[in-house]
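These are the structures, in structure tokens.
Consider the two complexes below, in which chain A is the common component and chain B and chain C are the respective partners.
And now, the complex of A and B:
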């Protein structure tokens, strides 16, 4: 059990800075997801942890051991890659056994026991004698997971392991990952650009952008109280709505609220703010209601779980995305009414969260 | 009808050209079964009574034949094995670690093959004499290996570039050393390249005469040397000797090329059609 400490690490590739003076601690026995758009440096960070790249500046510790300059095989880290690389000529169990045979202190019985255990967790007992060529991409990735965890290394890294797996197999794979992570209390760092995966698997999510971790939080907190506009926009499907807001003597005026709302914190600055609200915190109605503002329905579409997503244009030409459970009797072009749930309304200044709306304001 | 005629003409021409290229080889092989008079007969005799006398003669009278055959095999195989091994490691470095100026270094490496042999024969000869390396198997093997390395590096780098670094990384992360990665993970995947490099250089060393003649000597003489020296040994051009020796001489490369021709093709294209094997 070791935690991973990233100590002021910078990584440059020529003029390009992939990781920018990063400090972070990934807790032992926890699953940390590195989440972020492509090119934000998450894979580079992972490659430095495993030792395939060396930091330009800074150090990486496992527990209190400094890993600087150590080659990957001395670090005792398991890793699952985006593309599973397997020995095509070996069977499933032989592939899992291969790294174990490098460890001479391990008896044959112990080796078999570990392979059995891993195959059990992955639900692949019946496939143990199959060759890699007979497996689909999802099962191959499971074998790769098995191979990485069977060594019982302190740390296991996952580098976007579901990218090349079809959707159905992907869900099964994520379930398998979840089981593995719960059973084997290893420190796990999981890189993904898929927020659903991150939310499902992670104990903590590190949201990354441009070589920095911009927020490190439990998934629910990250979703509920994004610290930046970027986090609000990146998480959620669709992401948060943003619209201009203005601080006045009576409170904060937003296009979504009929009356100014009170903020829970003192907002400094010149009064120009951005209001953010998640699509599920906006209520959509066909008739006027107290506190609601009118808008023109642009379109309405069905999304997963029978929910609807509506795009509504309101005052100031702002398009508001609304997620709603029931369909409304309105057609594109009709006037509809939107009401913001103050519990979901927060305010941003220069991209950073500065305050939330006070709940009792209406 | 005209379509059929075209097909026939097409194949007819192909066969004709191929046979034309094969005819000197056929002539030598046929001659090795002829008597001296049959070989020199005008017009050339296509129907004759075959005889094995030339081969018997070769083994009984030419006492150094086995030495020459053994030398040919020893020199070419060991030089090429050394060359391919060194080249594989060099190509791995070029392909994976990409030292500064890789392209230029690769070009410099190949430049030795742009140099005509006769241009360097004198300095090489003087150097070998000064070192006392003349007529020494090891010295000659190293010389041939040196000559074979550049081309092998080129071929193998093409193949190694085709092997994704994912294999290296997976191997290293799973506890493998560089040694393990290079020889157990990567090497099996570039076998076609290794075979192609092996054959190309084998053909070169197998047919090498000039340096064997100049910096080799009596104990290192190979078959091309024997052909050149023995051709006039019997008073006049000794065609029975030449034809019999040549017929034996071309057997190993012909067998090699026949069985490995698909690798030869991928080698010529520097691995760009690797997937076809």
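And now, the complex of A and C:
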């Protein structure tokens, strides 16, 4: 059981800085997801942890052991790649056994026990004698996972392992990952650009952008209280709504509230703010209601789980995305009314969260 | 007018395929199939270009002559097989080692220049290479003997004149020339190994023999075997390298099959006999290729 400590790590590829003076600690026994858009440096960070790349500046510790300059084989880590690696001349069982046979301290019975255990967790008992030609991409990736975890190394890394797998198999694969991570208490770093995957698997999500971790939080907190506009926009489908807001003597005025709202923290600066609210925190109605503001319905579409997503244009030409459970009796072009749930309203200055709206006690 | 006609004609897939194939097929038939059939026919005839006589049907006499070792051709065949066996083995071993060296030194400064220099022997004309090496090997003013006598204090060695050495001296030039080809094939074979599998093998702490047998060989074997096949066929036909160096001498010690065939057909104009000999060599080439392809396919089937 070791935690991973990233100590002032910078990685440059020529003039391009992939990782910029990063400090981070990934807890032992936890699943940390590195989440971020393409090119944010998450894969580079993981390759430095595993030892396939060396940092330009800074050090990486496993527990209190300095890993600088050590090749991957000396770091005792397992890794699952984007491309499902399965040694093609070996069967499923032999693949999983291969890293174990490199460990001479392991008895044959212990080895068989571990292989059985891993095959059980991955639900691949009946496939143990098969070869790569008999397996689909999802099963191949499961074999790769089995090989990475059977060794019981302290740390296991996943590099976007579901990218090359079709949707149906992807869900099964994520379920298998969840089982594996719950059963084996290894320190896991999981790189993905898929927020659903990160939310499902992670104990903690490290949200990355431009070579930095901009927020490191539990998935629910990350979603509920994004520390930056970027986090609010990147997480959620669709992401957070943003609109200009202004601080006045009476509170903060936003286009989505009929009256100014009070903030839970003192907001400094010249009073120009951005208000952010998630689409599910906006209520949509066909008739006027107290506190609601009018807008023009642009379009309305059905999304998963029978929910609706509406785009509504309100004052100031702002388009507000609304997620709602009930359909409303309105057609595009009709006037509708929007009300903001104060619990979901927060304020940003220069891209960073500065305050949230106070819940009214009415 | 043609614009109205052409689209309809070109839209017809079968016609298009046929139209695209015709030039190649015509070329192949005129310059390959017909001469080969002609050759096959001539091999049953007695025909000399200098006698002025028309070809005379001869039955299997030419092949009988070959069987009874006319012109000492069984010796030529033995020498050629030794040449192919030793040459291709040395080139493969050296080429693979050099390939691994260049593969493992991707960040070395000067690697590109070294690679370019390494590949120059391969792109030279064999006749030019042979001529250069005749001068290099020369006992009186050759640079190699200057080094041996001046630098190492050894006696003069007549590389191409000594019947015991000439064969190996010629073989060494062939290796000098064609090892880079096997290096190139090795680099191509190594390039076909997925990077993730190599990285996985490193993380899984596999030993080097295991990495080579489980990952590298599995992905690279086809290209490497193809290289060996091409080298085998090519080495079997070696002629232009030997002509400027020894012309098959001293005695017959460097006389490979192609050297003798060249002499019989284009110096003695003994066309009937040469044709029979060519047919035999063609059959040997086909047999070797078939064996290679069989080995490659058997490996794939076994998986």
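FYI, the second predicted complex is superposed on the first by the 360 of 362 C-alpha atoms of A that agree within 3 Å, B and C clash if a C-alpha of one lies under 4 Å from a C-alpha of the other, contacts with A are read in each partner's own complex, and residues count from 1 in each chain.
Going forward, contacts are C-beta pairs under 8 Å (C-beta built on N, C-alpha and C of every residue); 3 or more make two chains touch, one makes a residue touch a chain.
Please read these numbers as outputs of a predicted model, since none were measured by experiment.
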item	value
Chain A as common anchor, with chain B and chain C clashing or fitting	clash
Touching partner for A:131 - first (chain B), second (chain C), both, neither	second
First (chain B), second (chain C), both or neither touched by A:308	neither
Partner chain in contact with A:98 - chain B first, chain C second, else both or neither	both
Chain B versus chain C as contact partner of A:216, first or second or both or neither	neither
Which of chain B and chain C A:61 touches, first, second, both or neither	neither
Which superposed partner A:242 touches (first chain B, second chain C, both, neither)	neither
Chain B versus chain C as contact partner of A:90, first or second or both or neither	second
Shared contact residues on chain A - chain B and chain C	50, 52, 71-73, 77-79, 81, 83, 85, 98-99, 102, 147
Touching residues (chain side chain C, partner chain A) in the complex	194, 196-197, 199-200, 202-207, 210, 214-215, 218, 303
Chain A - residues contacting chain B, complex	50-52, 71-73, 77-79, 81, 83, 85, 98-99, 102-103, 147-148, 151
Residue ranges of chain B touching chain A (in the complex, touch as defined)	164, 166-167, 169-170, 172-177, 180
Interfacial residue positions of chain A with respect to chain C in the complex	50, 52, 71-73, 77-79, 81-83, 85, 87-90, 98-99, 102, 131, 133, 144, 147
